[in-house]
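Chain naming follows the written order as A, B and C, and within any one chain the residues start at number 1.
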Amino acid sequence: MAGRGVLAYGFIGLLLLVVGVPFYWMVNTSLKTSAQLQSLAPYYYPSPGTLGNYRALLGTTNFPTWIRNSALVAVGATLVTVLVSSLAGYSLTRIRYPGRRLLATTVLIVYLVPPTLLFIPLYTILKRADLVNSLWALLVAYPTFTVPFCTWLLMGFFRSIPRDLEEAAMVDGATRLGAFRRVILPLTTPGILAAALFAFTLAWNEFLYALVFVHDTELKTIPVGLNDLMFGDIFLWGELMAAAVLTTLPVIVLYTYLQRYMVEGLTAGAVKG
Amino acid sequence: MRPSALRRGRVADALVGYVFVLPLCVLVLGLVAYPLGNAVWISLTDKYVGYAPRFVGFANYTALAGDPIFHKVVRNSAVFTLASVAVKVVLGMLMALALQRALVARSFLRSVLLVPWVIPTVVTALTWHWMFNALWGVINVTLQTVGLQREPIAWLGQPTTAMAAVVTANIWRGFPFFGVSLLAGMQTIPRDLYEAAAVDGASPAQRFWHITLPGLRLVLLVTTLISLIFTLNDFNIVYVLTRGGPGTATHVLATYTYEIGFQALRWGKAVAVSMFLMPVIAVMIVIVTRYLTREE
Amino acid sequence: MSRQRGYESLDHGSAVRVKRAPGGLTPVRAATYHRLQSRTDSRYAMPKGGAAMTSLIRGLSVVLAALLLLSGVTTPAGAQKPKVRVWLLRTYVPDANHALEDSIKRWATAKGVDPVIEYFTFDDIETKYVAAIETNALPDVGQLQTIGPARYRGMGKLTDLTDLANELVRANGPMLESALPVVRAPDGRYHAVPFNYITDMQFVRTDVFRKAGVKVPTTWEEVREASRVIKAKGVMEYPLGQSWNRSADGYGVFQALLYSHGGGWADEQGNYTSIMNDTWRAVVRWASEIYLKDKTVPPDAMSWTGFGNNEAFLTGKVAFTFNGPSIYYVLEKENRPILKDTLMALKPAGPAGRNHDVLLLSWTVFTTSKQPELARDLIRFVMSSDEAKKYMHASWGQMVPAFERLRADPYWQKNESYRAVLEAPKYARTPGWPGPLTAAAAEVVATNVLTDLCARVIVDGWDIERALEEADKRIRDIYANVPAR
């Protein structure tokens, strides 16, 4: 038992290194001025370090606005996605009705054409609905690529639960919805959390729709805002990396907290022999 | 239950099924069907940005079929996608197994290992671009400082190493997806199965093979399929790291479509490029759907 | 509670029969499984998970609603004043950007109009314009890059601005010859008016050159020779930072090389001519031999993107490179140590003269605009002598005017580098030289035919003849298939 534990932690250590080196490079760069960066010395660490990039990012750019917009859109899209895809995923894998196989296949078909080509007709639809140049456009557009993905992911999870559990609950008088809420959801919480996380990060990092559907400077999301730090052949490296650090840390912290809050019950059960 | 009641129950059940799946239908049919249909139509025209499209039948497709650059692009995409996904699956599985066993600070570790997935892709690609640079990138500078290498290695300057570089960046960014999904999948497997197996005297390898892997089968299948599709369409990493270069060594479908659509302004041809692989992906999807929705 | 009862009914094994344990686990006996399952352990009775989920969703909804209320997600009801939408290039000189914004705002206040300024960058200009064209969302006034007018006028998207052009010439003096092919169509009408040049220069580290005993090159052969000498003397390993990559650093410099040797892919009428000739062979030889024979170029230069040569020069890894004045801007603005050793010189000449590839930004009014007169007036104001000079003085020497009287301003006599930047656009030959700048020529540049040609030889190891044949075919196809206007 101890041997395997060591192996596990050893591998985790290796992964931390793999993840850490590029991330360290980003942090390192974010604490240097461009003069220090281009003088190439000192190379591996900032000396003296400077918070100038962070100050410039928060002070001169619209960074806080970008975060607010991205948060709004990502949270909203995630809620919609989790609701729609969990219901749909459940229905497609656990209820029998004609056409469900066709539907399940069609759901993923949408990914065959990349957003770079889909955005023009999508824009036309949004324009007709008068949603263009507001964050609603993104709230409507993002589920088009997060929902199919999360539905499929959750289908994989839902499928793994033995059918008898809900059948037992329904035999005892619960409705489908009740069985779904009280039996299936709790059991697949890790899957739903994973799906929510992916929906969130996909929306958080999406660039093209945010660039094209929204013109207002006040409505820029983070990826579009980052664009403003790159001018063809002059890049504000320090600020770019500072932005990366500042947009990553909150998500990590949030996810840690969410996990502990939601999945505690499971791990407690696992420990108990 | 009496048969007629059972039948009534089944119909009512099916209706509930339709209701549950209604929001999805509205979303997919409402917002995607039109753009998709439009895309198929455009691929059959000679649409040039700013001009009205004219029907040309399969001319775009035949032109692509005979275009050696397109052949290279497809080959590159295949290599890029298959190599990346294969390593991501393995790495993700190992990550999930390791985290499964780790009980101290599991939530924290799980979140920290998510960092590559959360960082804006453009920054990830830029960082790797810097790291791979032949003259001032961390890899070469370190190799030279410790004396392992005298001449700078042109990582991004040679076709093979450039492909390896974009694959590496893609793996780095993508493996947490597999790790988190597979770990979540593992947590859905009832603990008692492991206990029962232990009671029956199964070794850890047997437990993995007979309990974990089968239990993960569906999640693994779905995540792999999704990753294949996403990696096939991945634009940012290749574009920022190499722009498809050197030459056409790392030119993939996404960068090729971008170049034809946004730079050559030949929209019809650009859509045809993405449509070209539709049969392949469609077949993959159909196979997996069959597996996923079959009667148990 | 029904859930609890549900699990107990499992225990009694009533309506449930486990056909196969989940996950297809055959070695485990069904009985053992049953026995274990019937225990009400916390694994299956997870009040915390389910309740946590509901409260999480509730919590997130509250947060979302609060954020929505606080921010006012939809755009506010329209103001009373008419709006004029302007698309500007966000240059790397914040001072210049602000100066232009201020100029526009001054005009807007005087006219009682609401200016809506939106920016694009060098990288997303294509994406934004294509999207706007296809979704009918073009602004009233927009800035275009060099190949913009040629490509968009054929689509009927650009208004005829001949009158405005003449007005500006009367106000600011004649335009440089090299601006004409960009803004003026072959039929003599203007569809855009010039804003500023961002010229590509030759950057030289004079200290390195002095150390190696070479002088600043004035021809392409001298460039090669100087690099060879610097390398041979051990002063610098890879002195020449020239990449044939998919950016203006690549296809722009290639055209400088090509046109100064008298080569081209179109004739004077703008029709395609074959490139299978000795001029092209010589040019591709120059381009490839610096990599393959001289090895004076950094080994991964072919995969540089736009900023690669900037970084190479600024980190002191190359002794010279061809680039827009942005390198000088960084050096000057931050007062870097190598500023005193950096010279911006004119590009080298070839047997057929000297050529500078240029980026000429121009102004246009889109035909979809609902208020073309206001749009024109904005351009008129911003390009008036006073306003243009204010912009010039905020530009750190990066944006070079196209009109004679503006160019005569003493601002440009600051030092040798500034003077070179001013003079360079005179030698600019536009894509498609010696013919006019047509949509077809624009496409040849935009689709990287020229740089792919070099890459075939340098990276894929093709011989020059074969690479030229492929490029020739591609150019021929483009000319045959472009919507001809």
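Keep this in mind: a contact is a pair of C-beta atoms (placed from the backbone, for glycine too) under 8 Å apart; a residue touches a chain by one contact, two chains touch by 3 or more.
Quick caveat: nothing in here was measured; it's all calculated off a predicted structure.
Ranked by distance of CA centroids from chain B, the top chain is C. Simply put, of B-C and A-B, more C-beta pairs touch at A-B. Centre-to-centre spacing of chain B and chain C amounts to 28 Å, using the average Cα coordinate of each chain. Measuring from the averaged C-alpha position of chain A to that of chain B gives a distance of 15 Å.
In chain B, 136, 189, 191, 195, 215, 261-262, 296 are the positions where the chain touches two or more neighbouring chains simultaneously.
Residues of chain A in contact with at least two other chains: 40, 83, 120, 160-161, 187, 235, 263, 266, 269-270.
Counting partners per residue, chain C has 22-23, 41, 43-44, 127, 134, 247, 311, 315 as the residues that reach two or more other chains. Against chain B, in their complex, chain C makes its touches with residues 19, 21-29, 32-33, 36-37, 39, 41, 43-44, 126-127, 130, 133-134, 151-152, 154-157, 238, 245-247, 298-303, 305, 311-312, 315, 317, 443, 446-448, 452, 455-456, 458-460, 478, 481-483. The residues of chain A lying in touch with chain B in their complex are 4-5, 7-9, 11-12, 15-16, 18-19, 21-23, 25-26, 29, 40, 43, 83-85, 87-88, 90-93, 95-98, 100-101, 103-114, 116-118, 120-122, 125, 140-141, 143-144, 147-149, 151-153, 155-157, 159-161, 163, 175-177, 187-188, 190-191, 193-194, 197-198, 201, 204-205, 207, 222-223, 226, 235, 237, 240-241, 243-244, 247-248, 251-253, 255-256, 259-260, 263, 266-267, 269-271, 273.
Residues of chain C that touch chain A in their complex: 2-3, 5-7, 9-10, 14-18, 22-23, 41-44, 46-50, 52-53, 56-57, 60-61, 63-64, 67-68, 71, 73-75, 90-92, 118-119, 121-124, 127-128, 131, 134-135, 137, 247, 249, 306-307, 309-311, 314-316, 323-324, 326, 329-330, 334, 336.
Within the complex formed with chain C, the residues of chain A that make contact are 34-35, 38-40, 68-69, 71-72, 75-76, 78-79, 82-83, 119-120, 123-124, 127, 132-136, 160-162, 164-165, 167-169, 171-174, 178, 181-183, 185-187, 189, 192, 208, 211-212, 215-217, 227-228, 230-235, 258, 261-266, 268-270, 272.
Put simply, chain B touches chain C in their complex at residues 46, 48-51, 129, 132-136, 152-159, 162, 189-193, 195-197, 199-200, 202, 206, 210-211, 214-215, 217, 240-249, 259-265, 267, 296.
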